[in-house]
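Below is a structure I'd like to ask you about.
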Amino acid sequence: METAGAAGQPVLELTGIGKEFGAIRALHDVDMQVFPGEVVGLMGDNGAGKSTLVKIIAGNFRPTQGEVRFGGNAVHFYRPIDARVVGIEVVYQDLALADNLTAAANVFLGRELKRKFGPFAFLDHNAMAARALELFGELRSETRPHDLVKQMSGGQRQAVAIARTRLSNAKLVMMDEPTAAISVRQVEQVLGLIHRLKEQGVAVMLISHRMPDVFAVCDRVVVMRRGEKRADKSIRDTSPEEVTALITGAKEAA
Amino acid sequence: QTYKFVIVPKAMNNPFFDVARDGCLKRAKELGNVECIYKGPVEHEPATQAQIIQDFITQKVDGLAISVADVAAMTKSIEAATAAGIPVITFDADAPGSKRIAYIGTNNKDFGLALGKQLLQLKPEGGKYAVVSGGPGAKNLAERVDGVREALKGSKWVEVAGSPTFCNDDPALAVQQMADLRTATPDLGAIVPVGGWPMFAPEGYKAFVNKNKKDIDAGKLTLVVADTLKMQLELLRDGYSNALTGQRPFEMGEKAMDTLLAIKKGQKVPEVIYTGLDLVTKDNVAQLLK
Amino acid sequence: MAVPLESPISFTNVGRIRWWQRGIFASQTGYVLLALLGLLIAMHFASPYFFTQGNMQNVAKNFSFIAIATLGITFVIITGGIDLSVGSMMCFSAMITSMVMSGLSTPGMPGASLFVHLAADGKTVVANVPGLILLVSILAGLVTALIVGLVNGFCIAVLGLSPFVTTLGMLSIVRGLGYVVSNGRGSFPGGPDADYFYALTSGDLFGVPAPFIYLVILAAVMAVVLHHTSFGRHVFALGGNEKAAELTGIPVVRVKIEVYVICALAAGLQGIIVSGWLGSAPANMATSYELNVIAAAVIGGANLAGGVGGPLGAIVGCVLLEVIRNGLVLAQVSSYWQQTLVGVIIILAVLVDRIRSRIT
Amino acid sequence: MAVPLESPISFTNVGRIRWWQRGIFASQTGYVLLALLGLLIAMHFASPYFFTQGNMQNVAKNFSFIAIATLGITFVIITGGIDLSVGSMMCFSAMITSMVMSGLSTPGMPGASLFVHLAADGKTVVANVPGLILLVSILAGLVTALIVGLVNGFCIAVLGLSPFVTTLGMLSIVRGLGYVVSNGRGSFPGGPDADYFYALTSGDLFGVPAPFIYLVILAAVMAVVLHHTSFGRHVFALGGNEKAAELTGIPVVRVKIEVYVICALAAGLQGIIVSGWLGSAPANMATSYELNVIAAAVIGGANLAGGVGGPLGAIVGCVLLEVIRNGLVLAQVSSYWQQTLVGVIIILAVLVDRIRSRIT
Amino acid sequence: METAGAAGQPVLELTGIGKEFGAIRALHDVDMQVFPGEVVGLMGDNGAGKSTLVKIIAGNFRPTQGEVRFGGNAVHFYRPIDARVVGIEVVYQDLALADNLTAAANVFLGRELKRKFGPFAFLDHNAMAARALELFGELRSETRPHDLVKQMSGGQRQAVAIARTRLSNAKLVMMDEPTAAISVRQVEQVLGLIHRLKEQGVAVMLISHRMPDVFAVCDRVVVMRRGEKRADKSIRDTSPEEVTALITGAKEAA
């Protein structure tokens, strides 16, 4: 594994990010940098604020305090599409699927493949189904492109959400517990996918509660606790035990 | 040979047309060879009425008596019916200029004028007055309002701003509006509903009157109401209103059957048949109640 | 299954919720209330008569005329359903009540001899037990409502039909039955007990209109039921996630039937009260009131998607609608413009709620 | 990012979907169509006039009178919204069109000189360019609808107000404006182009009523838009899960505004066509049609919770309502029972859909 | 670990269970027995039919074929409440939470604690909140009883769903991926909980994609593949590698 720490400019830079929901301080003064081709693991107890951080970066929430810089520029995302346009892809923890559409339709939601007929552009259903099947195959997932997402099993739904990120040339891919519901062999595929992204110079942020996964693919691990960042360590300088201690609060900071 | 005649009201949810229906049914029974069908839109809505006329044309009924919801729309429908060989007359609300053979009903302008004159007679010294109407779209009501205004033009009566109010034929709303009008203008000298709506809610109406009893007895508030349904006459008898002016819907229903039958028999009928107005005050109310 | 229990965790990242972030102050109801206050002030300047005692009594009475039905429909809306038959139901219950009341009071009608007899003069009708006819006729009206509510509930909960279609059909059915039973004429309360009836519906207690008193009592009961009984909790759960409610063992079918029955009963009671005030139950009574009733509930903060709503919101919505109506007449706005203004004010009132997204 | 691709997995536990488990046969639309067929047969026996050519033409025309508006509202319903202002919108657009048409055809009115001149006899009004007035006036009606649609869309999508409250307010606003501009009187198409207007709206082509032709064309376009363009896909996604639609980068605000605009335009066009047939645009035209229009869409299978619906369903719903209306008049059912029967048949028609849960 | 195989009568006995959704055969001829005090792991690829099986046992779906016997009697559950009444508790994969209610309300949904006032029974809010806090504490979850579930993180939601099963004296507890979204230390608590249930003689069915968890607590593991049962082995007679092979289909049957 290469260390990406000094590989020039960070793609993503957070300074003093804070977020309050009424009386709940979900995030407080979080600083963080992610570099191209780097895989950062984000760990923490339930409710530590990981998903909230992801959603802020993805333009889903606006931070109460702090600044987000992407590709060197300060950015203000008002809507998720703004983040997607600059090259941020996200697998949300709640998957963000439209239950009444098919798997293929969900994968291509918001960037449908089209065929031009004169001034009109019509959906290219076949191309989308074929490509979706390809993507599911790549993940070794038994997901049928024409099935409605409503009727799918938990893992199939997750596969759909992951397949989405493969459609564009993102600069940063954030995955919020992408392996939570999927089966043993797909986990390997997802980790493999993360590896490939890394090789292509894409920065990846992986949120997971599975220690082995994090230690298998990440270059660096960031630990959150009750909305604050408690540690930010190269994976080589730490151990699963230390990270666990940091997560539970047994160890205060590193 | 028996005839199927249809009377089409403007809206079935208006008790006025129930009276016309009763007249029609009674006459049809007396005549023996006539069947009276009563059918119209539930709410006052012209397109639905036009569709219903179409359906009756399809059925090839023998005659139509229509209370016209919208003149232009009905003009076309009447033309279609006439083209299909069905004679059409109008009642209650007319479509002048259409192919209808006759109109049976009230002259609404005269109706309004009569209401206004009654008020003027009761209280020539004038004051502020307000009108309550049913719906902004109804032409016959608009004519009545114009009639009231015309009768009172040049007198000392002035109409307040915000008049007429429209109660959408809803009795409860009509009473509420009367109360509101009185609150808005405490020295309001008269309220003239151009339809019987507030009195269709007798207790609500009484409650309103009782609240203003002093003023009414002192002649400071005068209530001249249109229509003369039974409950209205009773209210007038009991002193809850100063005067009523009524049409004769029952007669309209009867005459509609007679006229259609006459047309069917090839007789000549007059083009306009006014059923006349009943002007009712305390003095003659007992006689009308019988 | 007792297990050794550790002291519960303290939540270091949770602050105190300030009063204005909590309860009504953080709800649409609160903000619409704010809009209502603004409107009241505006009306005060538009017409000096607005804040007179008489007018306030009128307003209190008028809004109570739809508020009880609004309370009922709020239950249905919280479960994520809708009931379009309330207007027809109001009319039908009122009609049945008056018909039964007059029928039982007419010597010669079947069964009437149990309730009334003729006085010595051979003309005056006297009740055998004063008040009994009233009771029976009001019960008759409510039982009618109950039956309609049961049918609605059965179609929706058991047969799984869409609430919109079912109650739209019922709107038509019940209104039609009203025309059928009264032959289009409507009916009037009558007989020896009619005076009690009028006293109960259009009387007042120390200057407070009777319908307003009923409303306050029912709203209080509703608040308790919604927030402090398991039925209320189940109503909310159903609106939040019907599937989850089913899975956690909530008797979904029963709760659904119950809310439609409550709604029909509230509408029936409302209709009976209104007919008492009107002194008649005309066949076109309360036509298209369903939209007003639903609008009042929604303006007050109930969410048609389910899961949100309460009695206070229902009342605030009704007051708002009535103040707009009454205020515009008092302000002598031209009738043609009135309708336009009603719409504008409704939209502005809920727009006030948007400040909430600014300050939280 | 091409990766070596394995051959896609075969699904051994998936059988073939039989034709009756798929598409329309597995949808509410299909079952309501079945109910409709049953109803048609029943009507045939109830009245010999039902299946006459004249009556079929009537039915085709009458249902096209709400079907175009139903197509429009189906878009809104699929996104999970509602539009109560369609009835008012129909009236207002029609009114503006007639007013502009008569206005531009009256020499002396501002701007009229651009369009008409007096013929030599000093009385007959002649159009400068035949058809131009028609075009301008129809455009005026549609632009009005467009503006109302934009306001609806803005309030709902940008300000985040509830669709029910917003469009209820708009119902009132637009109806009120109709009264204001026409002074309560409504308006009439007139002038030299009125005949073209009547030909376009109430004429027929080889015996097929013109409105029916428009309907078929629009429904076909709608089917293509919904199922074969990304806009259509986004409409469905919005109804399925608005949050997800937002997160996946669908321009939710734009799509929402667009559906309300489409709905308003469809209602406007519908109103213009109806007014051509009526020969007038009365101020109370299409009162409370919104409920019919929504009912037609819902009966045809659109789901008010969002995510389901289509043009075929909209049309089936409209036909069903019209057949019930027309059939009951033809069958000479007593007027008072009619309303009751309408309700019963509506409920029975959707009940047929419940067989589906039996056979799947 | 005790072998429960011969410990008398099974609590749950499935014979020939099949379930079809239109053209999809989600389950086919599944036989299975679960004995009191036994922990059975149910594993399989995504879409293998695990959740469907759980839902059939829980009265959520009716099987197309086959028979369910519970406590020795053939049972027909028409609604989930029927299953709950006889003593089956379930943690559903999609958690089944009412988003608009608080955590405490969700825990007690359908069996609220009440206080009697004459003929009326009112909710005992304080008792429920206190008990819920206790249950969350037991799971070491940072979940606040008064928070709305809508505002909760994925793991907090899962804690709420798990806490529910602790309210009654169930005979069979089925957990469908209970540890998917929760953090390291809560995983231990859940496994501990399963152990305690087992000690009390409760039968537990654990669905999980996490091999270590299954091997840590289960007595027996059942492997499903494309709707069919492929293996049913005592945990001592198998290995993670074998189970993985069975799941992916690399090994056909055992």
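Which chain is which? They are A, B, C, D and E, in the order written, and residues in each are numbered from 1.
Criterion: contacts are C-beta pairs under 8 Å (C-beta built on N, C-alpha and C of every residue); 3 or more make two chains touch, one makes a residue touch a chain.
No experiment lies behind these values; they were computed from the predicted model shown.
Each step here moves to a touching chain, and the least such steps from subunit B to subunit E number 2. Annotation of subunit B and subunit D: jointly contacted by C, touch as defined at the top. Distance between Cα centroids is largest for the pairing of subunit D with E.
Seen from the Cα centre of subunit C, the chain whose own Cα centre is farthest off is A.
Centroids of subunit A and subunit D (each the mean of its C-alpha atoms) stand 43 Å apart. Taking the mean of the C-alpha atoms as each chain's centre, subunit A and subunit C sit 49 Å apart. Inter-chain spacing, taken between the CA centroids of subunit B and subunit C, is 33 Å.
Along subunit E, residues 24, 142, 226 each make contact with two or more other chains.
Those residues of subunit B in touch with two or more other chains are numbered 12, 42-43, 136. The set of subunit D residues that touch two or more partner chains comprises 11, 14, 179, 184, 288, 335, 338-339. Put simply, subunit D touches subunit A in their complex at residues 1, 3, 5-9, 11, 14, 224, 227-230, 233-234, 236-237, 239-241, 243-251, 307-308. Across the complex, subunit B is touched by residues 47, 49, 52, 54-55, 58, 62, 65, 175, 179, 183-186, 188, 198, 202, 274, 276-280, 282-288, 325-326, 329-336 of subunit C. Contact residues on subunit A toward subunit E in their complex (touch as defined above): 21, 24, 44-48, 50-51, 93-94, 141-143, 147, 151-156, 158-159, 177, 180-187, 209-211, 226, 244, 247-248. Those residues of subunit B whose C-beta lies close enough to touch subunit D in the complex are 12, 37-40, 42-47, 50-52, 54-60, 69-73, 75-76, 135-139, 142.
Residues 58, 60, 79-81, 84-85, 90, 92, 95-101, 105, 109-112, 114, 120-123, 125, 133-134, 136-138, 140, 142, 144, 164, 166, 169, 196, 200 of subunit A are the ones touching subunit D in the complex.
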